[in-house]
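Below are two complexes that have chain A in common, paired first with chain B and then with chain C.
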Partner chain A sequence: MSALTQSTPAAARSDAAPEKELRPPSYWPFVVPALVVVLAIIIFPWVFTIWMSLNEWKVGSPTTFVGFSNYLRLTSDPRFLEAVGHTLVYTVLSVVLPLILGTLSAVVFHQNFAGRGFLRGVFIMPMMATPVAIALVWTMMFHPQLGVLNYLLSLVGIPAQLWVFHPATVIPSLVLVETWQWTPLVMLIVLGGLAAIPTEPYESAQIDGASFWQVFRFITLPLIMPFLFIAGMIRMIDAVKSFDIIFAITQGGPGSASETINIYLYSVAFTYYDLGYGSAIAVVFFLLIVLLAAVMLYARQRMLWTEIASGA
Partner chain B sequence: MANHNISRRTLLKGTAAAGALSLTGLPARAEVNWKKYAGTKLEVILAKGPRGDNLQKNIKEFTELTGIQVESEQIPEQQQRQKVVIELTSGRPSFDVVHLSYHVQKRQFEKAGWLADMTPFMKDPTLTAPDLVESDFSAAGLQYAKNDKGQMLSLPWSVDYFILYYNKELFQKKGVAVPKTFDEMIAAAEKLTDPKEGTFGFVGRGLRNANMTLWTNFFLNCGGEFLDAKGNILTDGPEAIEATKIYQTLLTKVAPPGVVGFNWMESMASFTQGRSAMWIDGVGWAPPLEDPAASRVVGKVGYTVVPAGPKGQYSATYGDGIGIAAASKNKEAAYLLCQWVVSKKQGARLLQAGGGVPFRNSILNDPEVQSGVKMPKEWLQSVIDSAKISKLGLPVIIPVAEFRDLVGAAITSTITGTDPATELKKAHEQFRPILERSEKA
Partner chain C sequence: MTPRQIIGKIGLWLSVFVIVSPAILFFLWMISLSLKFEVDNAAYPPVFFPDRIAWKNYADVLASNRFLTYFVNSLIVTGSSTLLALIVGVPAGYGIARMAAHKSAIVILIARITPGLSYLIPLFLLFQWLGLLGTLVPQIIIHLVVTVPIVIWIMIGYFETTPMELEEAALIDGAGRWQVFRHVALPIAKPGVAVAFILAVIFSWNNFVFGIVLAGRETRTLPVAVYNMISFDQLSWGPLAAAALIVTLPVLLLTVFAQRQIVAGLTAGAVKGG
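Presenting the complex of A and B:
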């Protein structure tokens, strides 16, 4: 999460580098407060976390320096490895589904029809609700016997499902909640993109006799790609660190079938009080997020920024 | 919460004994000087629930008796456990008195030395009322409260026995007798299960971690012991496999769908809706079951002890206590509060409301207290009977949470059809090094 917020200003600063030399050195007093804050609330906690990860650090026992043994332990911890897998599956699904559905709904809401403003308002309501409150309501809806979802399925003749109560369906069910909540965000971003597209390409496409699908595939999609990219990035960062919905609905269960890195990290640090090992997980998790963010940033730089610059 | 107003009547009541003795000039043996720490301010951290409610509701009486002001807060159990540990680790906890869950925290607290030793206080007649003696607490309570050296580090407050709740109406409808053994229970549950009607024979905790309190009752009744003499964990032995098979049968064949995600709350919901005929869980759920606003089975619930297994009949026992933070500066005042919390009056109130069962035999066995119990007579009988077959429901080790999570996940996965022996073996391969690390550290 902090990977993004940190890297963007860093990039901005390096762009401004040539200007820096022209300034007199008296700007330092203005930099110091920010520097102190950054040191105190970003750099220090990280250095300390790394330090903790190199120690056997259990609450209630003395700490001992153990080098990289916490990291070695990670490589042979099946729960951690499973958690990495769950995190990836969960992240991919809860990025892709809102992107697809969000784009579709943006295209729909871009049309002119009666009550559009009102329906748009209704559509973005899930985004405004508190995740824990949402989670509790969904938990009730998922209930295999008393929940409304199985009732609705029964109306169309589909047998009752176990939703979050079975290892095979728990992650898709959680993704359903995540998708329901965050599709509107993607919709809003894409809607903004659609509004910015000039009408000329559409007019010429119409003259050339392009089908609806061709228009979407060859005009709309490429032009909104940069916006989809932003939406995808925001979703990815949110999804990979998703905690509240999973914790409130399943706490990582059944068994450990929906235990993501974040949930496991929480258990290790705050239920098992194994701060050293927990810190090692946090460090690895951070590196994973940095890696994902870097890949996305690189891809954006490479493929799209030039396009959007020339397009605009 | 704090109250400075001491009415004449309560003042008289509070000091009646001491007053009478000093007036008559008897060379009395020392009496508890309740007022000695008047003006002291105490902070208490409580886990949310009927115990905490019972304390907060009546705390004025304590302030009237002692002049000690008490600030208390109730926090949901899981969060309370975390907060307490973090604050105690800091060395400067914000509280003097702490409510702890023995089955989770006993070893951890002892090893870290977070609790003050109460033994000297208990021997001091100016601090301890004559009726508060060690021998009054049940064996399980003393086992929980004392460390290896025999020091009392807390006062046992409330005990939780696992019992069998059953729906009399469903039993009658299907002509089923109350089971005395696991075999009978499984047979009964099969008869009672009717998926078309949406009723099931048995419900219980399937959720990882939470399920370990239920599973261990099966384990104990299959003759299981948690640890050998050297402290090695034994929960993957033949008894464990047998217990898991019983558990698996019940939770897959005769339990409502989705039971794999059920904690006590979901199990209770199923039972109070009349959809499950039997439920094994802690004894403290009688009040919601008998509450017409929350339950459809009011007056139809039967209460009895957990059926016998192939090698014994036990009631898995858990409990909470109240202790003094070793870092507290008001230990004596805090001790007076702890003593009041487990006093006969407070204990009787707890039992009578069905909110918990005091560890003190003098309260549980007092006919007058018993006659005031608002829950059905059968419930009280199940409590008394369970006390006789009580056995600690979780191993007394430091990494209880890891144990519950890892082994609990294995047990949960058997509900989705995996093999008990393999799952237990896998879980213990992960758990053994953790246990070793924390006990040897």
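Presenting the complex of A and C:
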């Protein structure tokens, strides 16, 4: 979009005032300070991380160059491999659930009702609130004896759960918090998509007597697909990196049942101070996120091709 | 209204109630926890409205010396890193938008994808070598990782939509690029700056992972301070919930009052730091 809007004014400028062309390309000074900052806090750490990952680098002992042995060590580190598994499960659930609930909420918020603006503000509060603060309250709610969640379950006759205190339920419980927290973001993105849909398809569907579900399935869903994809991508990136909630509620426990890559990375780098190995994990972790994003892009492309091929 | 419309109306309100209640009930429960004495917090079945209200929980938290220190720390870290981000990020967004240098956005994308901990390892060493650990400077600097990309990203989007005609006119009249930026582009972009400011403040204020590594006893920000309270006060839920509420209250108020800006910023850039 911007390539087009940018070229026209630029052309107009050179027509109107050719002498201005003698100026050096002078928007650079605006960018330089930020460039310095970005180099210092984003590019330098990346380069340095890659360098460190090639070294045996522990706080307090001399560093030695070891090539790729940190990376080789990863392939046979059971705790790391387990963490990859936890991360994938956690991520898939934390993408799918908010996508479904967020889409349904967006359909509701797309309607007109009194107090919509205020209620939307309330609805997005979970994602803006300080994660550690809400993690603290969730921990209290998860308490097996005194927690309000088990009380609520008992009202509908479901036996008490151990929530985050049992290896089998810890990841689903954390996903519950993550879903509660991030469904609003999906809702906002999809709501933006709904606002952009033209009304004609709906009018003709109404004339044809389509049911609410048919309208949703065959008109709304295909039209908001691009937005769902963006929401899914953002959700994936955030869910993979999720740290605050997991760390504040379980620290990866019980045992290592909820230890994701990010939590393991924290332990390696800042509990054991094994910075070389930690750097290798950071690099692999980043590549994993890029890989997941690429897979999602590929799946989206495949979907588009099938749609075109089937003539839809 | 026909019966069908009435049913539709009821259905709509019912669904609104269902989707909003997890958020409402959670925060009401948080308030309830923070206003109850231990007897009520440890009661089963849980008490929602206590007979006696424990204002004392808040008084205790606020009266503790440390909490005030941590509050000031949070203000300094968030304030400085947001201000610095605006100083370098707003002109950068302008420059990138006017040069149509869209490839530079890749750096911001990388920053968005990178886990916060990856920055911490090298920067932690750097701060150690520079002897800065134990001051607030490392946290201010590393919070730029969160705030600078947010500001640049939102400002690129904003400056791309502001009209060029005025700027061109000013250029032809002989104004320098800096003057054009300062007196023509910037005033128009004020709402965009507000969006960038609000989001940068929120995500910096909420940040936890940087503080937990870089903060010492005296340099904790509020999220880190609250986290440390968990281990010591495992059983006194009232003061803990009160502290949690105080920490997140500024952000919740911002969310309610600046909802429009937040929604605009999040859906345009959909950026989150950390």
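Brief remarks on what is shown
The rule we apply is simple: the second predicted complex is superposed on the first by the 250 of 312 C-alpha atoms of A that agree within 3 Å, B and C clash if a C-alpha of one lies under 4 Å from a C-alpha of the other, contacts with A are read in each partner's own complex, and residues count from 1 in each chain.
Just so we're on the same page, a residue touches a chain if its C-beta (ideal position, glycine included) is under 8 Å from a C-beta of that chain, and two chains touch if they have at least 3 such contacts.
These numbers were taken from a predicted model, which means no experiment stands behind them.
When the two structures are aligned on the shared chain, A:145 is found in touch with chain B and with chain C. The partner of chain A that touches more of its residues, comparing chain B with chain C, is C. Applying the stated contact rule after C-alpha superposition, one finds that A:270 touches each of chain B and chain C. Contacts of A:254 after superposition: chain B is touched, whereas chain C is not reached.
Shared-chain residue A:61: touches chain B; no touch with chain C.
By the touch criterion defined above, A:292 lies against neither chain B nor chain C after alignment on the C-alpha atoms of chain A. In the superposed model, A:31 makes contact with chain C only, not with chain B. Legend: residue contacts after superposition of the two complexes on their common chain; A:225 is shown touching neither chain B nor chain C.
The intersection of chain A residues touching chain B with those touching chain C, taken from the two complexes, comprises 145-146, 270.
By the touch criterion given at the top, residues 56, 58-62, 77-79, 143-146, 160, 162-167, 250-256, 267, 270-273 of chain A touch chain B in their complex.
By the touch criterion given at the top, residues 82, 85-86, 88-89, 108, 111-112, 114, 198, 206-208, 256-261, 266, 269-270, 273, 275, 399, 401-402, 405-406, 409-410, 412-413, 415-416, 430, 437-438, 441 of chain B touch chain A in their complex.
Remark: chain A residues 2-3, 5-7, 9, 12-13, 16-17, 20, 25-31, 33-38, 41-46, 48-49, 52, 101, 104-105, 108, 111, 113, 117-126, 128-134, 136-137, 139-141, 145-146, 148, 151, 180, 184-185, 188-189, 191-192, 230, 234, 237-238, 241, 243-244, 247-248, 262, 265-266, 269-270, 275, 278-279, 282-283, 285-286, 289-290, 293 touch chain C in the complex. The touching residues of chain C, counted against chain A in their complex, run 12-13, 15-16, 19-20, 22-24, 26-27, 29-30, 33, 41-42, 44-46, 84, 87-89, 91-92, 94-102, 104, 107, 110-126, 141-142, 144-145, 148, 152, 160, 164, 168, 171-172, 177-178, 181, 202, 205-206, 208-209, 212-213, 222-224, 226-227, 230, 237, 240-241, 244-245, 247-248, 251-252, 254-256, 259, 262-263, 266-267, 270, 272, 274.
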